[in-house]
Every structure is written in structure tokens, then in C-alpha cells.
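In the two complexes that follow, chain A is the common piece, with chain B as its partner first and chain C second.
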Partner chain A sequence: MSLSTALNIAQSALLATSRQTSIVSRNVTNASNPDYNRRLSMLQSDAPGVHMVSIQRAADMSLFRANLGAVSSYEGQASLRTAIEAMTQAVNGIDSASSPATAIGDLYEALQFYAANPSNASIAERAIDAARQVVRSLNNGAAAVNAARSQADRNIAESVADLNGLLAEFKTANDAVISATIGGRDASDALDKRDALLKRISEHIPISTITRDNNDMVITTTSGATLFETIPREVSFQAKLVYGATTVGNQVMVDGVPLPVGTGGDTNSAGRIAGYLQIRDQIAPTFQAQLDEIARGLISAFAETDQSGGALPARAGLFTWSGGPGLPAAGTVSPGLAGSISTNAAMDSTVGGNAFVLRDGGANGAAYVANTSGAASYSALLLGYQAKLDEPMAFDGSAGAGVSASVMTYSTNSISWLEGIRKSADQAELAKSALVARTSEALSNATGVNVDQELALLLELEHSYGASARLLKTVDEMLGTLLALAD
Partner chain B sequence: MSLYGMMRTSVSGMNAQANRLSTVADNIANSSTAGYKRARTDFSTMVIPSTSGSYTSGSVNTTIRYAISQQGSLQSTTSATDLAVNGNGMFVVQSSSGTPYLTRAGAFVPDAQGRLVNAAGYYLMGYSFESGPPAAVANGFEGLEAIRIRQDSLTSDPTTSGELTANLNSNATAVTGANPSGNTAGAQFTSKTSLVVYDNLGGEVLLDVYFTKTGANTWDVSVFNKADAATGSTPFPYSPGTPAAALHNSTMTFNPATGELTSAGQLTMTIPNGSAFSLDVSKVSQLAEDFMIFDASANGSPPAGIESIIIGQDGTLSAQYTNGAVKELYRIPLATARSPDMLRVLPGNVFSQSNESGDVRIGFPGESDFGKVMSGTLEESNADIAQELTLMIESQRSYTANSKVFQTGSDLMDILVNLKR
Partner chain C sequence: MKTTYVSSNAINQALRYSMLRMQADLTKSQKEMSTLRVADVGLALGSRTGLSVSLNRDVARLNSLMDSNALASSRLASTQTALGQLADRGEDLRVTLAAALSGNADPGVVRDDGSAMIEAMTAILNTSINGEYLFAGINTDAQPIADFSDPASPNRVAFDQAFFNRFGFNQDDPAAANITKAQMEAFIDTDVVPLFTGAAWSDWSSASDQPIVSRIGLNETTETSVSANISGVRKLAMAAVLSGRLMSGNFNEGAIAAVVERSLGFVAEGVAEVTDQRSATGVAETRIKNATTRIEMQVDLFERNIGDLEGVDPYEASTRVTALMTQIETSYSLTARLQQLSLLNYLP
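Then we have the complex of A and B:
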């Protein structure tokens, strides 16, 4: 019995060693695969002569969770920063060249020049042209803000579609893990796949996970809404094609619960979807309100007043709007004003007006004419307009750029506000990307493949294989000796 | 007489050695047969009464014994239905005609009908779990049936119990308007989660669980069937549009000092087209932290076919279904006799009870000395070639010696015959 047994045991040792070697080779092959966790081969002896190789997978759940959280925060911050930068670029241009503040500054200078030379027709045209520039800047800005919002909306729709697809894939991966766990098979590959999917899901939405019996996993958002439990839950979102100043975007519903949105430039929004929601519902609308307030400030600064002594109401002058010739309500945001502001046709020579009406007044009828004598050197009105651009007025606090400032200061405040958010978003993105790198590195150190270690193990296995083979050979020789005897 | 006697004695010696050589041949031939137990040739003397003056040689008797109780070494394989016993027990198998036998040859594979058949064509027997966990009949084969794994059937379990552990945010503002318990359009809730359960036919039913804070430390919990939800932006009202649509409605109260639940910890409801379901919420807390789920689980399983067979060391044969559920189908018993070595040996590595062996005892693996069932393992033959070869050489020498004795007798007879010319 003993020689045959020795042969059998040596043979099963060869089998066990070759299986361990195959695990080492799998580890080495996947050394550069970030989603691969190192496999450990554990040898155990269950009964005489039976060697089992069980495969364990290196895993560190707390490091993995920390990494998922860092990825979510970073993705939320990055999407917010990108969107803010794109919007800033579209509205203000490089170095704020096309911003309303620059255009208003130019208008101020043109008015000064016009007041010094009130009879010069070409200088008058230049002032009107500067006014057209201001209108164009505001109109373009309003359009760019709406475009940024609808872009964010489309990005949300894409992200949601992607997320639903990932959750469907997650079901397949999760089922494979459960089935392998129950069947006592090696679940490592299925676990790798499932973890890779979790990483991709956490890019879109911040998640927390619960592991149930048989390695079954439940995913919820960090706010507690269920994303996956046995089956994927629906993440629903209705995109809107066009955004206007008053359009309110739809919420993203996770299993019937709205996804919360973060605040601030160093945002607490985690995941791409929340980042896009924040730009769509908070930053872009606030900036929109600031543009509207600038437009309202301009319309009221250039308003014409009754010069005839009657009690006629003030009317829109150089700048008018879709609701003109009346003035927009004072002290409060009129949504969409920046998009509808225009130069007064009575003063704009391109549509048949006369640039001298700005000097004389009277765009709204004879009662509003200030230069009643028709003197070519009249400049009091122009100097008045210029002074009003410098005069503090009341702005709506909800727009977030101050409550009392001159139009010119308010417009520069608006640039500073946006720049401030952009800067803090930029800095926070750096910090968060460093955190992602750190957590990924820690995770990789704990669960990744170390090729040196694997090769050292391979040497050991080689020796053990050699020893087993040597054993086989010796037993064979012993049997040979015996057979020679029987001859 | 004595010369003839001597020649006959040597003939019996040669016969005995021939017998031993036959068992050696058998052992070597079956040295790779799983579950084979080596045959051993034992000798005994036969003495013929003799007087002091004359000695009459007797002869040698041969008895063949089998080392049935001797464990063979175990070899691992890749098939889960390859079974070995690490211990004294033997599998109970039956022939195609239905006669039960014992064997250690465990290379079973499922046949077309799902019965597990070994290399010699014997079917493995076990006790069915059909009517609850089986008990072994200690001294007979009653209650045993051929194990049959039906691949053509599906199985499902309706959900009966579940657990939900969560934290409800104590800082949430109370809902003053309509809440989900009224099931009216536009009902407001504080937190929501959902849970998959299974009805009687194994269909998935998604339960929406709403938690609504209605006052300090007081929450309203409502459970609805997601399939009844209204289409559109809000799921309310769930059809059929009356408050009766809620599967469960109750009020949860919490201890303001500890945040622990003070009301009943079980939410009872009946799953539509399913069984009574009791959701354990006793560990739900109310602390100043965001809504968070710690555990959400329910038993039950959807319909599924068998994916694989798992055989435990205690002999329990379970089917693993494609949905992950595991169901016990049979328990494989082990049998042994008072004197296992005296069992009758029959073709196909099987043994049957004989007068000498005593009664067969049946029990489950792990009990007394039956040993454990090892899945994915085969028991090698316990015949060792080295041992057999040495025996063979010994027999050969013995045989030659006997033949020399015979030849000497023959030579002496020759001399005797030649005395008379």
C-alpha cells in the first residue's frame, strides 16, 4: 500500500503545485490591471493524500469604500469646474474681453467723449455703437448661460442613461458572484468585475454598499435611496430641450426619491450628475440673474424723464426691452431681461433712428425732450447719464452680487463672483484629485499585485514541484528494482 | 502410504500457492480500480492423525479474505459527484433489478434520468427530503430510494420574512400635508426605500416603503406594491386609488432619549398573490444623521432550474439553483456490518451481507464510526503493487519448493519401483 500511496500523494502534490503556479501566472498577467485584486492560493490537506488549493482574493473593503467616495467627490467637482469654465469663457471671453463690464466701461468713455463734442455726428455714432456693444454682450451672455444649462441637462440625461446601463450590468455581475459563492467556486473574477462596475457607478453618483448573505450586494446612494437591491432600481430623468431664463429643470429621481444637489464652488455635490445639477440649478441661474440685474440697471440709468413739468412716468431711453417703453420693476430681478435688452430704435441709425436723440432726449415723445432750444452744444443730459452709471442703485440681493452698487461696479462684482467660484472649484478639484490618487494608491498597495513577491513565490513553487517530481522518480526506481527481482 | 502422502501434501501446497498467485493477479489487475479491496490468501493446516511410528503428512487449506475495512488512499478529482468515504462506512447502492448492495466505489455520474450511477452500473441510494429531514432506518434498507436529480423542474420559494435596518433622520422636518398613508396625489414623504420580495409563483414584487415624519419622534410607515404606482412624476395615488391600496400602514414611535424604536418591530402584510410577510424593523433607529440603509433583505427565491449539485461531508445532497438558492434533496447514508471483512464480495466492487458478516447497520456520515463523505474525491484501490510483487516472488519460491518435494517423492517412488527387477 505504501509505495502506491507515495506515488499518489506525489502526483496530487504536482497537481496542487501546478494550480498554485497558474494562480501566480494569473497575478503576474494582471499586474497592471487596476481592477484586478491579487489572488492568494491556500493549500490545505483534507484527508490523507488529498490536497486542495483554495483561492482567496485580497480585498480591503474600507479602503475600497474610501476610494469610491473620493472618486465620487472628484467627479462631481471636475464636472462642475469644467462647466463653470466653459460658461465663463462663453460669457466673459478671454480676460473678460467680451464681458458686459468691459462693454459698459467702453460706453462710459464714449459718453464722455460725446459730451465733450456734442455736435459731432461721428462721435455720436460711436457712443451708440458702444451701446450696441453692451446690448450684444448681455444678449450673448444670456444665451450662453441658457446654452450652459441645456448642455448640463443633456449631460445629466447621458449620465443617467449610462448609470441605468451600468446598474443592469451590475445585476449580471452580482448574480455571478452569488452563484459562484454558493456553488463554492472561485468568485474572484466575478468580484473583480463587480468592483470595477462599482467604481464606474460611483463616478456618476455617490454610493454606499451593503453586503448581504452569499456576497449579495445592495447599493444605495449616500442619501439612502436604493439603486440596486436584487434588481436595479430605475433612475429617471426627463431632459428639457431648450432652456430659457425662467425654465426650471427636472429633478433626477432615484427609485422615486429626488437626488440632492450640493452647494458652493468647493462643492459638496458628489458624482457627475450632482455636479451638472448644481451648474444647471444654482450657478447658471444666479449668474443669469446678475446679467438681468445689469440690464435692469442700464435701462433705469438711461431712462428718460418728463421734461415738460407734467407727471408723465419715466420711460426707457438708450436701452429698452421687450416690455418697453415702460421701465422694469425697481429693486427686483426681471428674469430674461438680459436676453431682451436692446438699443432704442429712435437713437439707432441702423434702424432709421438719429444718434442726436441721445443728446437731446425725446425718444418717447416731445414731453421728454431736454434740449428744447436744439442747441448743438447741449451736453447736460449726456453728463447726467454718465453720472448715473457711477451712482449707486438698489439691486436684488438674491442675485448674489451685492445690494447697492453702481451699474459699473455691479458688473465687475459679477465677474469677481463667477471668478471666485471658478477659482475655488479649481483648487478643490486639485485637492480632490490628490485624494483619489492617494486612496487608489493605498488600495493598490493593499490589494494589487506585487510582481517581486509573485516571482519569489514562483521560485518556491518551482522547488516544491522539483521535489515532488524527484519523489515520483525515486518511487519509480524502487518499483523498478522490485520488478527486476521478479524476473 | 507416506510417500504418496508426501506427494499429495506438496500438491496441496502447490495448489495453495497457485491460489495465492491468483489473488496476487487479481490485486495487481485491480490496483487502479476505485474502491477495490485487496484479496488476501490465508492458509491453515490440515493434520491427519498419526502414530508415533508413522507420520502421515496432512495438507494446507486456503481461505480467501478481503481487506474491506482497510482504507484506500484518497485521490482528488474534478467532479462533484465523485464520492469517497473517509471512515468505515460504505455507500448503499442498488442494481438495475433493485437489489441493494454496499460499495466503496464512488465514481458516480448522472444518467439520462438523473440517477447517479457508478462505473459498475450500480445506482446510489439515499433518503429523500421530500417530507422533511429524513432519519435513517438503523438495520434495513427501508425508506431508501435511488437518488434522482430532476433537471427538468423549476422551483421557487415565496417570501415570508425580511429585515430592514435603517436610520431615520431625527432632524427632518415633519410633513404637514398629505402623507403616503392617505394615498392621495401629491402625498409627501421624508424617506423611501424599496425591497424585492417573491410571490407564490416566484414572481418579483417590488415593495415601496415610505417613512414620513409626522411629528417629534413619530413616523408613519407605509408599504405599497410598486406595480400599482400611478404613472407620471409622482407614484401617488397607487391603484386601486383607495387607502386600501397600501399593503401596510402603521405609526412608528421612537424613544427621544436613545433614538430606539418603541413601537412594534414587525410590519406585517400580505404580498399580492403571495404569502404573509413580516418585515422586521426592530433595529430601525432615529438619530441626528442622514437617512441611511444598513441592511435590507428578504428570503424567498425566483423560479430557477438546477445549476449544480453540492454534496456535503454529512452526506446532504443539495441542488444549487441558477438563482443562487440551495435546496436539500437527499441525504446519502452510509452502511457497515459488524464484521465488514466478512461481507460477501460480488462483481462490480459491491458487497452484500453474509452469515459471517452480521447485520448491516445504516447511519448518516459523521455519526459513530461511519466516517465522512468526501465530494470530488475517489478512493483508490488498497492493493499495493510493491506488496503484491513481493508476495508473488515469495509464492513462486514456495511453489518451486513444493514441486521439489513432489519431485523428491517421485524419485523415491522410482527407486522403490526399481527394487524389483
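Then we have the complex of A and C:
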């Protein structure tokens, strides 16, 4: 009896060893798969001498959660930083070279030359050209800001579509986990797949998870809206194709609850969608308002005043706008002004105007002519415009770049505002990417595969396999000896 | 036995992340080393970027002020020279008139000198630079002084008409010999003087009273031209016309004495006033020079500030590049060694 028992035990040992070997080979194959969790083979003694191999999956829920959180904040920060960077470059150019501030500085210089040579037609044209440059810079800036907003809007739509797809996939993975758990089968592969999906979902939106009976998982956003419970909940978003200065974008609804928007350059927006929402609804509109204020400042600095003593209202001079020749309301943002500002046709020779009108006044009729004698070297108006550019005026505080400053200073304040956000976004991105790297490393260390260890295990298994085989052979020899005795 | 576990993937990833950071730093440092300026001003200065833009813009503005100041200076220098010539000619006329007053000079000499003075004045006051008339005030595209030597010129016509209206005949009429000293004095004081000081001066000059005003500093403007309408010029013109047109041989001694006395008075006042104007012009020249010096100092200061904001210490930048390169090389060889560090290599 005992010899056949020994034979049985050796046989089951061989079986157990080969199963363990298969697990080792699976681990080694997936050594570089970041979504793979190491499998551990557990030997259990059932009946005396009989070994069962059960598979355990290495997991560390708290590290996994920390990693999901880090991924969310990093993705939110990175999407914000990228969008700010693109917008800064489109509006202000490299080192602020094409910013309104620089263009206004050039205009000031051109006015200086014009005031020094008021009779020179080509220098007058150069001043008008500098004004055209300012207009271009503001028009392009306004267009770039709108483009940044509609780009963010499109990105949100893509992200939402992706997210809905991922949630649908998540249902399949979750169902597989539940059925494996109920059926008592090995759920490791299904769990790997489900965890990988969670990582991808957290790139779009910050999540927290709750595990229920039978490994069923519920996903909610960190703000509490349900994303998945047995079935995926709907994430809905209505994209807008075109953005203007007054366009208000639609909210992203998760299960009927709007997704909150974060604040700050080192943003508390987590997940890509929140990052895009922040650029679309906060940063770009504020910057747009600043450009509008710069445009308003320019229009009022170059306004023509009544010279006839008839108390006529001031009218738009060198710079005018879609609502001209009246001036935009003082002290408050006129949305879309940066997009509609233009040079006055009366002074622009490309549309039949005369650059000397800037020197003499009178774009709005004879009452506004300051140089009544038509003297060729009249410079008083030009000197006045120059001084106006440096004179403090009232700006709308809601635009966030100060309330009282000269147009010159306000335009550089706006650069400071944007670059300040960009700098803190860039630094925060660095910190957050380091956190992702660190938590991924910790997670990988806790749940990943070490090839060396697996190889060592393989050596061990080889020996145990050899020993079991030797045992079989010995028992076989012993049985042979026994049978030979019986002959 | 439980030991600290390290996954093979984590080992590779950790190196990869730090490698990426170092390479990004290296490109940034290389750029800084070659330009001696921070690689990205916005990222380096953040909310102080506006200050750097504003300083750069101010330097450009100040440089343009220096250019336009050079232009204004050259205009003032030409004005100064022209006024000097005017005063010299006035002085010559004064000497001749003084000689005539003491009875030593032939009226013909005075007349010739007066006519020459008129021509010289017209030429000097109609000087132009860069197509702009120097003494035209702001009305620089019109020649300021009408040519008195041309008989059809409005100022010549007005003067002769005034004479005719007063006496009923022309200067060269034989009857002119009967004009008394008192009559001549009355003619000069009541008829001639208004031609030069009143609205009739417009027959002489199309210049504007308004001088050219230039910005010479960010907050400073000054007058940078002299108009032909200043009182000194009018008096010199009056003296020249009197001595040039009223020294005809037909006049008696009394009338000539009246002309010489009055001319001498006007020319002396005129020379003194033009000289005053020269010193005023000198003051403006000095103001521009001082403003330019101040601007130069400001530019220096601003450029230093820009350097402090955006500049990079070349020594530090180059040390950083060297250090990063060493680090990256170490990292490379470490990666290579780690790749070899596998149990696989030691198994038979």
C-alpha cells in the first residue's frame, strides 16, 4: 500500500510542479507588461501528501488608488499646461515677440518718428503700418483664443466619447470578474483587464472605486457622481463647433451631475476633461477679456475730440471698431472688441485713406480737425497720442490685469498674468509627473514581476521536478524488485 | 521569508524617467549657454515676464527718442548758424548806417548795403533741410519769406503802395526831393512800421508763428525750431527795406537823415533780439543734449536690469552642461550594466 501511495504523491508533485512552472513562465512573459499583476502559486496540502496549486494575484489596493489619483491630477495638469502653452505661443509668440504689448511699443516708436517728421509721407505710412500691426496682433490674438476654446471643446468631446467607450468595456471586464468569482475560477486575467481599464478611465476623470460582493466594482467620480454601477452611467456632452467672445460652452454631465471646473495654474482640476474645461471656461475667457480691454484702451487713447468748441462727443480715431465711430463704454469690458478693432479707413491708405489725417485730426469730420491751417509740421496731436499711451486709465477689474494703468502697462500686465499661470502650470506638471512615476514604481514594485526571482523559482522547481521523477524511478525500481521476487 | 520586492519593470522605468528629465535639462542648458539668456523667459520669470517685455520695449522707445533727438539737434544747429549769419549781416548794415549818420557815407553805399541785406536775409530765412524750410514754423512745406527784390512780390508792392498813398508820387519822382524830415519820420512810424508788425506781415512771410515741438524725453517736449515771424527778424527786415528802398538820390538830406536814424534804431534792436533768440536756441540745444545723455543712462540701466532678469551666468551654465553630460553618461553605462545583470546570464 505505501509504495503505491508514494507513487501517487510523486505523481501529484509532478503535476503541481508543472503547474507552478506554467505560472512562472506566464510571469516571465508578462514581466514588462505594466498592467500585469504577478501571480503567486500557493501549494495546499489536501489529503495527506496530495498537493493542490492555487493561484493568487499580487495586489495592493492603496498603492493602486494612489496611482489612479496621481494619474488623474497629472493628466489634468498636463492638458492644462499644453493648452496654455499653445495659446501663449499663438497670441504672444516666442518671447512675447508678436504680443500686443510689443506691437504697441512699435507703434509708439513709429509715432515718435512721425512726430519728429510730420511732413514726411513715408514716415506717416510707417506709423499707420505700425497701427495695422497692432490691429493684426489683437485680431489674431482674439482668433487664437477662440481657437484655443473650440480646440478644448473638441478635446472634451473626444475625451467623453473615449470615456463612454471605456465604461462599456469596463462592464464586460467587470462581468467577467463577477462570473469567475462566483464560479470559483481564477479571476486574475479579468482583474488585470479591469484594473487596466480603471487606469485609462482615470486619465479622463478622477475616480474612486468601491468593491462589493463577488468582486463587483462601483466607480464614482471623486466629486460623488456615479460613473458605473452594474451598468455604465451616461457621460454626456454637447460640443459647440464655433467659439466667439460671448460663446458659453456646455457642461459635461456625469449621470446628470455637472463636472466641476478647477482653478489656478497649479490646478486642482484632475483628469483631462477638467483640464480642458478650465482652459475653455476660465483661462481663455479671462485672457480674451484682457485683449478686449487692451483694444478698448487703444481706441480711447487715440479718440478724436471736438476742436470746434461745439462740445461734440469724442469719436474713434486711429483705431475704430464694429460699433464705431462712437467709443465703447468706458471702464468695462466690451466682449469681442479685440476681434473687431480695426484701423480707421480715413487714415489707412490701403482703403483710400490718408495717413496725414492722423497728424491733422478730422477722421470724423471738419469739427475734429486740429491742424486747421494744414501746416506740414504740425505735431501736437501726435505728441498727445504718445502721451495718452502712457497715461493711466480705468480698466475693468474682472479681466484680472489691474484696474488703473496705462495701455502700455496694461498690455504687459496681461503678459505677466498669462506667463505667471504658465509657469506655475509647468512647475506643477513636473511635480505631478514625478508623482506618477513614483506611484507607478511603487505599484510596480508591489505587484510586478521580478524576472530574477522567477528564474530562481524555476531552478527550485526544476530540482523538485527532478526529485519527484527520481522518486518515481526509485519506486518503480522497488516495485520491479518486488515483482522479480514474485517470479 | 519576506524581503523588499523590486519588479524588473520598475528598475527600467525609474532609469527612463530620470533619463528623460536630464535630457530635457541638457537641451535647455545648452541653449542657455549659447545665448547667455534663459531658455524660456516666460517659464523663468513667470509673472515678472511683463517687466522684461516692458523693459525691452522701453529700451527700443528710448533708442528711437535718441534718433529723433539727433534730428532735432541738427535742425537747431542749422538754425543757430543761420541766426548767426543774420546777426552778422545786421551788424554790417549797422556799421554802414552808423557811418552814414555821422555824414561820412554816400547814400548809394547805404542803399546797396540795404538791398544786399534784403537778399541775404531772404536766402538765409528760406534755408531748407530735408525738404523742410527751417524758419517756416510748423508750416514747413511753404517757402517762408517772399522775395522783396522781385518788383511783383506782394511785400514790395505793398511797400511802394504805402509810399504812393502817403505822398502821391513814387520814390524816384522829382517831387520826392520836397519830403521833409518830419514827413519822412511820420511816414516810417505810421505807415511802414505796421507793414512789418501788423497783419500785413503776411505779405512778407507765410511762416507759422507756431514753432515745431518735439518730444525729447519720455515725458518732455520742447520747441525745436525758430519762426521767421519773430520780432528780431521783422526789425532787421524793416531796417534793410528802409535803407534799401528809401535811399534814393532824390531825397533831401533831412529825409535821408530820418531814414538813416530810424534804420539804425531798427537794426540795432533787431540784432539784439536775434542774438537773444540765438541764446534761447542754445538753451534748447542744451536741453536736447541733456535729455539724450539722460536717455543713454536710462538705456544702460534698463539693459542692466534686463540682463539681471533674463541673463544667465555663463560659468554656471557651462558647469551645468558638463555636470548633466557626466550624469547622463553615467546613466547610460548604468543602464548597460543593469541589462547584463540578469540571472539568465549566469545560468548554464
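Convention: the second predicted complex is superposed on the first by the 484 of 487 C-alpha atoms of A that agree within 3 Å, B and C clash if a C-alpha of one lies under 4 Å from a C-alpha of the other, contacts with A are read in each partner's own complex, and residues count from 1 in each chain.
We take it that contacts are C-beta pairs under 8 Å (C-beta built on N, C-alpha and C of every residue); 3 or more make two chains touch, one makes a residue touch a chain.
The structure presented is a predicted model; accordingly, all values stated were derived computationally and were not measured.
*Asks:* Based on the superposition on chain A, does the combination of chain B and chain C result in a clash or a fit?
*Replies:* Because the two structures are overlaid on the shared chain, the partners are seen to fit without clashing.
*Asks:* Should A:S96 be classified as contacting the first partner (chain B), the second (chain C), both, or neither?
*Replies:* Touch partner of A:S96: chain C, not chain B.
*Asks:* Could you tell me if A:L227 is touching chain B, chain C, both of them or neither one (first, second, both, neither)?
*Replies:* Neither partner.
*Asks:* Figure out whether A:A301 sits in contact with chain B (first) or chain C (second), or with both, or with neither.
*Replies:* The answer is neither, since A:A301 touches no partner chain.
*Asks:* Contact-wise, after the overlay, does A:L479 reach chain B, chain C, both or neither (first, second, both, neither)?
*Replies:* So A:L479 only meets chain B here.
*Asks:* Who wins on chain A residues touched, chain B or chain C?
*Replies:* Partner with more touched residues of chain A: C.
*Asks:* In the overlay, answer first, second, both or neither for which of chain B and chain C A:T412 touches.
*Replies:* second
*Asks:* Once you lay one complex on the other using chain A, what is the shortest C-alpha distance from chain B to chain C, in Å?
*Replies:* Distance of closest C-alpha approach: 30 Å.
*Asks:* Enumerate the residues of chain A that count as touching chain B in its complex and touching chain C in the other.
*Replies:* none
*Asks:* Taking the complex as given, what residues does chain A use to touch chain C?
*Replies:* Chain A reaches chain C through residues 31-34, 38, 88, 95-96, 99, 101-102, 104-106, 108-109, 112-113, 115-119, 373, 375-380, 383, 386-387, 390, 408-409, 412-417, 419-420, 422-424, 426, 434, 437, 440-441, 444-453, 455-456, 459.
*Asks:* What residues of chain A sit close enough to touch chain B in their complex?
*Replies:* Answer in residue numbers: 1-5, 8-9, 11-12, 15, 46-52, 175, 178-179, 182-184, 208, 210, 212-214, 216, 218, 220, 222-226, 229-231, 233, 255-257, 478-479, 482-483, 485-486.
*Asks:* Which chain B residues qualify as touching chain A in the complex?
*Replies:* Where chain B meets chain A, its residues are 31, 70-71, 73-76, 84, 86, 166, 191-196, 204, 206, 208, 235, 290-297, 307-308, 310, 320, 322-324, 326, 374, 377, 380-387, 389-390, 392-393, 396.
*Asks:* Going by the contact rule at the top, pick out the chain C residues touching chain A in the complex.
*Replies:* Listed in rising order, the residues of chain C that touch chain A are 5-10, 12-14, 17, 41-51, 53-54, 57, 60-61, 64-65, 67-68, 71-72, 130-132, 136-142, 208, 210, 212-215, 218-219, 221, 225, 342-344, 347.
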